Amino acid sequence: MIEVRFFARLRDQLGCDAISIESVEQDSVTLVRERLVAEHPDWREPLSQSGVLFAVNHALVKSDHVVKDGDEVAFMPPVTGG
Amino acid sequence: MIEVRFFARLRDQLGCDAISIESVEQDSVTLVRERLVAEHPDWREPLSQSGVLFAVNHALVKSDHVVKDGDEVAFMPPVTGG
Amino acid sequence: MISVQREPFDVAHEYKQLTGGDVESGAAVFFVGRVRARNDGRRVSGLSLEHYPGMTEKALEAIVSDARERWPLERVRVIHRVGPMALGEEIVFVGVTSSHRDASFQAAEFIMDYLKNRAPFWKQEQTEEGPTWVEAKAKDHEALGRWQ
Amino acid sequence: MISVQREPFDVAHEYKQLTGGDVESGAAVFFVGRVRARNDGRRVSGLSLEHYPGMTEKALEAIVSDARERWPLERVRVIHRVGPMALGEEIVFVGVTSSHRDASFQAAEFIMDYLKNRAPFWKQEQTEEGPTWVEAKAKDHEALGRWQ
């Protein structure tokens, strides 16, 4: 399984903090997003917004990053700390 | 009269804190220095060191700055505060 | 040293910790970011900061470690608060000491620039229209350009 | 506000003065320069700072006024000590607040760069060979280039 987490504005838009999904062969952040959108069509637009950041196991990654069973994937809006 | 002042290492090299000299027509910092050196030949080298700064009435100036009767002229080594 | 905490911090204490007992590093630079009453023209009455526990500390450690590779630094301190904060309260503290003035200025600015773009914090402002997520600024993103 | 003084200053107090009661300027940058035990490889046991009374304040005011023309600043504080100082003691404090992070960083650095090149202060170090006037550094002079 893959644990997917959402933060801040993105979490509010989706109405979801976290969701578990099955992992697949040759998985990637992009593929995780596609499976989420297939399940929740109204998530397509928020998850495709420009500037959305991806983290796998607490490190920022690009969308083609390989995702393995047991990984934690996060979708986050652009950060605004400091 | 012109009040001439020396600071820090330059003052130590000249063995002089301050000296008053006559003002002349069309005076300048360069001319003040020439009159000082004419009077004290051993001041030529310290007063001609590269990096020596000139101030007239508490403002940094270039060596061709016009000097008037009553002005305060300062010769200073490069500054090292901060 | 890095702290992500709900509690306020004390700038005076942090300054003492950063410089105390050290007679080798002559230059100390500090940045303090505070909650302000106006942002992009909106009146703000308070702030709430969300973060990604577990990732936040790692992201900040990576930034500090990058800074240490670029400049000869002595002590580095980063504190970032999370949770609710009132107007005027301190949000973030970055302190850097070095024997080189340039290094401490640049490292402090570098850490802030990367923190603004890479550390998983999100600000929600209390405004007249209710709680509003703060938009990321293009300017903050462009600021990274100077370090690349 | 500018002070040239023999007495030590208190960084905690200066921080409070700079930020107290202000909820508009979110960014504060501070530089503190301290007496260090080593300079260009020499062991230093103390410092004495000479200045040019009457010119010093004017030079610092001109620098701060230049900074205010370049960046939108709120409060600016410059303190420079003169006279004898022990290892670890604070020599100089520059504090700048602004609603812009960039402005406060750049103005503080600008003020230090110009102070190092234009303000009439001279350091004399106590070393094993007796009191020694500190040599100006080419690097400090080159630092001005970035502002021109």
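Going by the order they are written in, the chains are A, B, C and D; count residues from 1 in each one.
FYI, a contact is a pair of C-beta atoms (placed from the backbone, for glycine too) under 8 Å apart; a residue touches a chain by one contact, two chains touch by 3 or more.
Bear in mind the structure is a predicted one, so any value in this text is a computation, not a measurement.
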| item | value |
| --- | --- |
| Shared chain contacts [subunit B and subunit D, defined touch] | none |
| Distance between the centres, which are taken as Cα means, of subunit D and subunit C, whole angstrom | 23 |
| Centroid spacing, where centroids are CA-atom means, of subunit A and subunit C in whole angstrom | 26 |
| Separation of subunit A from subunit D, taking each centre as the mean of its C-alpha atoms, in whole Å | 48 |
| Chain centre separation in whole Å, for subunit B relative to subunit A (CA means) | 71 |
| Numbers and ranges of subunit B residues touching at least 2 other chains | 82 |
| Of all residues in subunit D, the ones touching two or more other chains | 33, 101, 112 |
| Full enumeration of touching chain pairs | A-C, B-D, C-D |
| Complex interface listing, subunit C residues touching subunit D | 11-12, 15, 19, 22-38, 87-88, 99, 101-102, 104-105, 108-109, 112, 143 |
| Residues on subunit B engaged by subunit D in the complex (per definition of touch) | 5, 7-9, 12, 51, 53, 55, 58-60, 74, 76-82 |
| Residue ranges of subunit C in contact with subunit A within the complex | 33, 49-52, 54-55, 58-59, 80, 91-92, 112, 115-124, 133-136, 141 |
